[in-house]
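In the two assemblies presented below, chain A is common to both, partnered first by chain B and then by chain C.
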Partner chain A sequence: MIMEAVYELLKAVSKEHFMENMVSIPLIQPVIDNLLNIPLVGYVVALILWKPMFALLIFPGLLTLMTVLLFIIWFERKLTARIQWRRGPLEILRWAGGIIQALADGLRYFFQEVIVHRDAHKPYFIQLPILIFIPVLLPLLFIPAGSIVGIKTPYALPVVVAIVSLIPVFIVAIGWASNSRFAYVGTIREAFMYFAYEIPFILSVVAMILVYGTADMTAIVEKQTIPGIILNPVAALVFFISTIMATSRLPFEIPEADQEIAFGPFVEYSGIMFGLVMTIAYEKMYILALLMSVLFLGGGNGFPIPLLGDLAPVIWMFLKTMAVMVALAFLRSIYARFRLDQALRLSWTTMLKISAVAVLIGAALNIAQVA
Partner chain B sequence: MSEREGEREMLLDVPVEPPVEMFLPIPRRFLEDAYRNDDYIVLVGPQHPGSGHMRIILRIKGDIIVEAIPDPGYVHRSMEKLAENRLYIQNIPLMERPAIMDTGNVTLGYVRAIEQALGIEVPERAKYIRTVLAELSRIGTHLYDAGILAVFLGHTTGFMWPFALREPVIEAMTRISGTRITSSFIIPGGIRRDVPWETLEFVRRVTYVLERRLKGFEKIFIKNPSVIARLKDVGVLSKQEAIKFGVVGPFLRASGVEYDVRRVEPYEAYDSLNWDVPVADEGDSYSRFLVRVEEIFQSLSIIRQAINELRSIPEGNVISPDVLDGYEEASSDIRGYFYRVFGNLVLPYGEYTSLTEASRGTLLYSIISDGESNVPYRVRVVTPGWYYLKGFMESLRGERLADLQAIYGSFGYFPPEADR
Partner chain C sequence: MIKIKVRKPDMVENIKLHLDALLTGVKEAVKPGTITIEYPRERRWLPDSFRGYILFTPENCISCFQCSFVCPANAILMKKSENNRYYPSIDYAKCIFCHFCVDSCPGSALRQTKIHDVVYIDLDEMFCPTENMINPPEIVREDEYTVEYLMDLDIILKRVKERDDLIPEVKPVEIIKEYSSCYEPDSCLACGICVSSCPNEAISITSLDGEKRLKIDADRCTGCGICVKECPVQILKLVKG
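And then the complex of A and B:
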């Protein structure tokens, strides 16, 4: 009995098991084949190219996340600067236009003192910015790029939406643990905004589930011969506006309004802790952009590139995600900040109505398909 | 014990207690009353990203401001007291310090009080150049305030563009006076130097550049729906309230009162030029902003007209012969005439008052002279910021906490100017 279990385990972590389900890239296949024959290196290469591990480490996981974080913060600053007749980040790595500015800022945060003020709830104050990475990073496992996916399940979409909905709870907890007036006001604003965007957001996702008749993201991508944004543009609009609200970007940068409440829930953080909480919004933006590209833009669909094999959907999906993120970054230089009550009125009336319309369109399409 | 013991790094564990007794300029009763009524006291400032160097004590019920009490004075520089120990001419640079961009109007008020005392008539050419300088300052100040309003609303493009647009204005002032901001160019009896024709032509071209660029600013900020949503019907002051609380300048005109010192008691060249007084009826934050935007266009028109007039006035005579007092070499003695002419300036006995329309409103100077010393006995300065502080605080009542920044920006309140 035990021997059988050990045998199963060994089989599960064996190189052959990894090689059964491997990312195939015809362009560099000879190199990979050579590497696989080297004893230890071969094992590591097989592990990395094993599709679930590839999803975790390369795309949409760690490596892409880091690249996107570096790029989008730089790009947002550079774009805003260009619109505002400035130059933006330039001095660090001058020949590349200061593209590693975010990395330099991160390093600076590392060497700054982390101040924990007297009134803070110390354990929560220190733990929560790290714990929040669980709901922020977990959805990446469920998002497919072609055949590359971390965990393949028919309930991927509800799981991702549920986990993403957990993030504001952590932010509210952060504000509570900070125990400061500005953090308190910011926390209340965050809670209000959370309720306001959550219902239209979920309704737009439900509309798309109705359109495709499934919640399995791989199947959703396969069904999109016509992209979802054309099938149900109303749902796409609601999803986009909810994304702006959820990532608290202008014009809905209400919980963190720095001129009013000085970064709201995050006001008391300093050093690397601030670096961590600052990137949360960008990571959430990345996940929602991935979700948007899966639901509305056809995910990894695109014309196949034979030389790249399984990597082609990855590239298509990356490009679509970046397009969504760039559109989100562009908003910062156009809009002023709405007031909390104005944002709430917008989401509880107009957005709720049009999200109901989106669900109706989805239901109609669903009935049409069944018939 | 080794010799190096004394050099070792020591940990000093000094317990630092935050101050327990804090001074707040409000009665104890106010705090207790707020506590009993479940209200929230929020101190905005003095080191707050949105408030500048002023503290506003807010009593908040939920999200609504019940009462706002200002606590100004953090940048008080005792200008009035300092002025009592300086020569009349040395007070000019002192007076223009509080208002960053408003140098033209601020010095003009002080200098006109002195001219009134001495009974000097200013040469025609100097009058027009003073008008140009005052209007350039007005444009600069309004652009500065528009930028601050934009950053209060979180609109960073609306912050950067006016500050960039301010640069041509500053460049024009540099070419006229030699300094970017604090020019001290206006002196009793005229201006310091004549301005050559090329410079005036440059200033005229700057007005066209500004007009073109302001169109873009209008698209991205002034007509932006999110900006209108934030400013419209916020911080309303009715006509009666605005008069009662003593609001001045563009903020009074935004409430429907057509009062402009330039129109009521014209000084310099204003009565010979053709311009309008922009007035709005709503009295909300948006109209306070729009009135100032319209004033920028009026100022551009005034500058163009003044420069056109200057074409026909011969160059050279820019200081009144009365103040030169027979010192004929003044025009060639660039380094010496200032000391010779103004070093021993004594005003006759009495009190002399001048009203000026500075960018943010009425500016009052009152100089009291004892008739024998070469320093003023007393200089009273009341800046527009100080005048409309009461109206600003009253307009906060009943608004939301997030509106504080919008109303603050719409008034263009500038603590150094108000605190003097």
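And then the complex of A and C:
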């Protein structure tokens, strides 16, 4: 009995098991084959190229997430500066236009002191910025890029939406643990905004589930011969606006509002802790952009590139995600901030109405069996 | 109380306004106008009369104290130098760069430069003695371009690949030779204030028949006018020679 279990376990972590389900890239296949023959390196290469591990480490997981984070923070500042007739980050790596500014800032955060002030609830204050990475990173496992997916399940979409919905709860907890006036105001705003955008957001996702008749993301991508944004543009609009609200971008940058309440729930953080909490919104933005590209832009669909094999959908999906993120970053430079009451009125009246219409369109398409 | 009616745009107009904002953003993202000068690498073109760091030429100075008198910030201190003359020294912690001193200088001993980026370590160092005012401060020129703002309807930046000379040539002013003279010798009190105030020892009091008389050496007089200012009965004035 035990021997069988041990045998099963060994089989599960064997190189052959990984090689059964590997990312195939015809362009560098000879190199991979050679590497696989080397004893230890071969095992590591097989592990990395094992599809679930590839999803976790390369795309949409860790590596892409880090790259996107470093890029989008720089890009947002640069684009906003350009539109506002300024220069933006420039001096660090000047010939590349200061592209590693975010990395430099991150390094600086590392060497700054993390101050835990007297009134803070110390355990929560320190733990929550780290624990928040569970709901931030977990959804990445369920998002497919072609055949590359961490966990394949028919309930992927509800799982992702549920986990993403947990993030504001952590932010509210962070604000509570900070125990200061600005954090209090910011937390209240975050809580209000959470309720306001969550319902239209979920309704738009429900509309898309109705359109495709399934919640399995791989199936959703396969069914999108016509992209979802054309099938149900109303749902796409609602999803986009609630993404802006959820990631607190302008014009809905109400909980953070650095000019008014100095980053709201995160006001008391310093050093690397601030670096961690500051990137939460960007990570959430990345996940929601991935979700948007899966639901509305056809995910990894695109004309295949034979040389790249399994990497082609990855590239298409990455480009679509970046397009959504750039659109989100672009809004920062042209919009002013809504007041809390204006944003709440907008989401509880107009957005709710439009999302109901989106669900109706989704139901009609479900009955008509379009997708 | 007057209530201001806020005009509420209808939906079509609203969408139009949003699109307009988005289009403006895209336009600026593609082809941005810019009014930023990358300062150490580019310098803004400045007119020759720019009020910057002040340079001093001791040869032209007649120790007239005009700069010190006129300074509204009281930043100029006249210090006695080795040759018994008084020369100005500027405290840049007080200076407001009005350049009244430069304008008031009769011999153009003080002159303006375009240097506006001098760094001091502390407040004490900001006091600039006369020796340091003769030569311009050490400048590290990183700039390759000179940028000029052309204020037409829109602001246009004109970049020229050349270095602006920070120390402009000052036309030498024609110095009108003046000297002090006493026009009412009978009123003279012979108090000797003019004698002690003269920086060039051009005035002396001579006793003639038991009557004290003022004697002004026109060759030694620089026409600084200090004695004119100091005379208690105001019988001295400057005359053109």
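For the reader, a short list of remarks on this structure follows.
What we mean here is this: the second predicted complex is superposed on the first by the 369 of 371 C-alpha atoms of A that agree within 3 Å, B and C clash if a C-alpha of one lies under 4 Å from a C-alpha of the other, contacts with A are read in each partner's own complex, and residues count from 1 in each chain.
Convention: a residue touches a chain if its C-beta (ideal position, glycine included) is under 8 Å from a C-beta of that chain, and two chains touch if they have at least 3 such contacts.
On a predicted model such as this, the values are computed, not experimentally measured, just so you know.
By the touch criterion defined above, A:Gln369 lies against neither chain B nor chain C after alignment on the C-alpha atoms of chain A. In the superposed model, A:Gln29 makes contact with neither chain B nor chain C. Contacts of A:Ser14 after superposition on the shared chain: neither chain B nor chain C is touched. Contacts of A:Arg86 after superposition on the shared chain: both chain B and chain C are touched.
Judged by the touch definition given at the top, the superposed model places A:Thr67 against neither chain B nor chain C.
When the two structures are aligned on the shared chain, A:Ile334 is found in touch with chain B and with chain C. Counting the residues of chain A that each partner touches, chain B and chain C differ, and the larger count belongs to B. Put simply, chain A uses residues 83-86, 333-335 to touch chain B in one complex and chain C in the other.
Across the complex, chain C meets chain A through its residues 21-22, 24-25, 28-29, 32-36, 38.
Considering their complex, residues 80, 83-86, 181, 185, 250-251, 253-254, 257-260, 262, 332-342 of chain A touch chain B.
Listing the residues of chain B that touch chain A in their complex gives 42, 48-50, 63, 150-158, 160-161, 164, 220-221, 224, 226-227, 229-230, 400-405.
Put simply, chain A touches chain C in their complex at residues 79, 82-87, 90, 330, 333-335.
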